[in-house]
């Protein structure tokens, strides 16, 4: 039985990756794609490698009033652009919002699927985590759940590939400007901070008041690494064991005793987590790696859609990462 | 029904990509992986993102005398290393040699699958084309088949990503040395020249004596573009039409009226071809793009294996390219 | 004695590189910088590493009517934007136009300084060659001057780093779109073709009617390589010898018997040329490498300014390339 | 008057950059270059863009017993390779060791030239800081000197381009393996930690026992960024002011109120430092950027050589960074 899905924001990187995953998904059928600049084009005009079956789908101008009958709608719109419009989507359409407008908003489940699958399954409105929170929270969840670290004293040094800045952007993301350049930004005020603080508090039951988060743009297309400095008296092995227990049976999180590299995840829905601790100094370093467009966006969104549709979580998501 | 396959040369880039494709293939089951340096490791130790079902497969030391029962063997060995060993593989094992030792060698079919599928289907020994020939011949075949260009007057200016130079190589392929560097090499004497000349002669029935081939290393990981300068009095539209006729119904070759870009093919088995002609100057420019590890190596190998196993050519190869 | 110079188009890549070179030039003093978007900013606000002596220079809005007293003006404006404005620059100000509006235009010397220094020295209006012509013509000049190749049968396959596309450009030059991508463009109709044809005719005395030129965008910031396919019955050694004779005593052209790599030239005013010939096939491959912002733009411009100011050509240009 | 200098380790990245800087230095004359693999070659054979005056210098096999008369020797040898050999260099030759063997070793001054110039001027043996310490300590020095942060509670998250891993290295630094990959390594045990701890203690007078240092390999050739998390109750402005006071009159450290980017420093001897503080959380983030081969190696070495030779610190080091 085919599940009818649509994508809004098809010409962005997140929407394009959702298209790629849906094209190979055995139960999802893409029947609707909408965008702004690309409205009126065929999918083939925007994606040279789109499968034949989708080549002639014409990109609609996004308007919730003219949606066809859909089971699931993936929304990948710029921050601020989705709240009003998604409110007008019929109730019976399940919505996964890849954008940032509905995280920790009433009526929307927070779609950190590897950690809270049971809070997602029966919902119809899912807010996908941001790419930085996806990498960070996946690494921290086992430590917070077992009380191995203090929730109030966490420093996140995060690094992202440039597709994380979105498409068609500013000339400051031009190739010549960005290549061979490493750029810290958004110090002390990045938009992902409240989301992470709330999730840390939900995971730990404590306050995340001391949270520090510094993102960096790295000259690569895809990939997020969060290197997270925490306080707690524990050992590397205890952290690894906690993570192995926490993610036992969970298909997309891999616990590794080597520091994870971003390229391990490219093109996949995997998250890789690892830890290094020094009990003499009350120091725990947690590391999380995801593909910002995979587990950090479209992969997680498909996993969430699988959950709300009653499918196996891994449906359509079992591709091996692309390497090298 | 599961087809038992093996890979020799698993730790190289071509072998690794074959593993990735086979892992998602609905009819192939990877039961054997062999290598040199990696012998004794589990697949998981070499490929952090290998599927669970393959994680514990132990890499064997390559020895044709100790092969398990196999239906298909993929060989991805350095040039010169496969001739003797593959001769000792039992006759009933179908062999696809991704390496260069058996191209246009007696007893081996030349596996340019998009062009000559019927010469491959009933064979048991298939020599996969090189990555440069794959891009070049796919673009030239329609023109040569219809006599639109002279076979004896072809200049191939080819560009490849650095994974084409193989793995673990020379320090001249180090990141710091290769990044921001564009390098022509092998002028007038590249190892792929005789292969291309023979294929051009088979396609055209004429002599390819004037063939010129200049490869370049481009600072990117994957991708091959061949820009090919030919002589013939024809038009751009006639070339595009010839290609559309030639590849009608063929699933992996896309004829495009825009110059093709390497990133269109990344991670896929697609080839993109396009043309620009100026009849006033007897000039035809043909362009071919492939992923050197996809259609230029492992993708084509799986397509060949599908053919010799009687499967649909697209089985396990319908993934959409990874973009961006 | 200090020579007062100005730069128009300071915020573009060419203007910025001119600033870098002038800042280290022992005889030039930068007293004027003009731009559009950047007008009103201090140089320090745009170039974090500008020398202290230039840090507080305020970028003017470009208007030839308000020029201060200058000896030399470097203009680096988009094509089409400089013709009218430069006509209003006072006669006694020497002008080097890095942009494309005055190449092979009456009253303007063509500033291919390594080849025609004597046609530049006494002039007051110099049109700098484009980056592709700089690489191409430097490689071809010795062969054309000695009649070793036919001027009417030349195929130029050229590759450039992305800074060659100019700054602040289109989102198609974004990092995520351009990285890992190789893009042919402008087939049969690139704007540099007439310039190259005219220069080839001046060098050879023959017609360049058959000229073919295909540019490619390469995922790197700087560098141009032209791989040029010519017809002529000669040898590699004869070509190398012709080039060594032609450039004897010329400080910026290096003749090499290995294929030149773009990184050899980064940050410098060098051009590297090499050749491979096969007399049995009447084939000559010429190769030329420059930094598109060095010899392909600002380096050549400073060399031209040195010539018109009566300075040694190498003044301020003797920096060793940056490697790696 | 010319000062006779030599370089040992000329074929490494640090030695090559020293050659580049010395070639343009008005007082230094390179009379000796030594290496291992490259011994017997002319400099021109290794560096295509070497100035004419140095082109024919033959690389010697490194042997302290056969040194010519030298005023200054730059040593850029792998860690562990220089201690014994440099002990045999005559006392009257001033030595700047770019390698790691003599940092905080008796008889050797620690060459953090922007911070401690007076401890360097009269010395004959200078141990150049590592690239990570150069970026880190330059950022921290003003805060430690004024007691704005606690020396015992410092977390350094450092990122380096791949040339920092040295040349000719492991295949794990191959282009295909390293491109699009971000790699944390050396957790809790990197070789630069004791050096940084000692310098922090010298700067602060307190213990650096809690120091945490995590390096990351970034897919770019050059550049180091240290993002440093400290504890102290102060403001961003107070930190910036402290740095402006500390570096008043110092030519190579630029204090900026924007987060510094690695590309600002490329090819130069600059260090860029900035700060962000939140007094409500006792949090100070310090950032330092250098070119790992400039201020992080050869640039700092030339600055140290200038100091010990009684030259102005900026001699030969006033080049503007290469951008883009």
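Residue numbering begins at 1 within each chain, and the chains themselves are lettered A, B, C and D in the order written.
To be clear about the criterion, a residue touches a chain if its C-beta (ideal position, glycine included) is under 8 Å from a C-beta of that chain, and two chains touch if they have at least 3 such contacts.
Since the model is a prediction, treat every value here as computed from it, not as a measurement.
*Asks:* Please find the path from chain B to chain D through touching chains that uses the fewest steps, and give that number.
*Replies:* The fewest touching-chain steps linking chain B to chain D number 1.
*Asks:* Taking contacts as defined above, which has more of them, A-B or A-D?
*Replies:* A-D
*Asks:* Which chain lies the greatest distance away from chain A when centres are computed from Cα atoms alone?
*Replies:* Most remote chain from chain A, centroid-wise, comes out as C.
*Asks:* Could you state the distance in Å from the CA-based centre of chain A to that of chain B?
*Replies:* 34
*Asks:* Measuring centre to centre with CA averages, how many angstrom lie between chain A and chain C?
*Replies:* Whole-Å distance between the two chain centres: 45.
*Asks:* Report the inter-centroid distance (CA atoms only) between chain A and chain D in whole Å.
*Replies:* Their C-alpha centroids are separated by 38 Å.
*Asks:* Two or more other chains touching the same residue: where does that happen in chain B?
*Replies:* Residues 13, 161, 163, 176-177, 179-180, 219-222, 260-261, 266, 324.
*Asks:* Using the touch definition up top, name the residues of chain A that touch chain C in the complex.
*Replies:* Residue list for chain A touching chain C: 13, 161-163, 167-169, 171, 173-180, 219-221.
*Asks:* Quick one: which bits of chain B touch chain C in the complex? Just the residue numbers, please.
*Replies:* 155, 157, 159, 161, 176-177, 179-185, 187-188, 209-210, 212, 214, 216, 218-223, 225, 227, 229, 259-263, 266, 276, 278, 281, 283, 285, 287, 324
*Asks:* Taking the complex as given, what residues does chain D use to touch chain C?
*Replies:* My answer: residues 13, 16, 19-20, 23-24, 47-52, 163, 179-180, 221-222, 251, 254, 256, 260-261, 264-268, 270, 272, 318-324.
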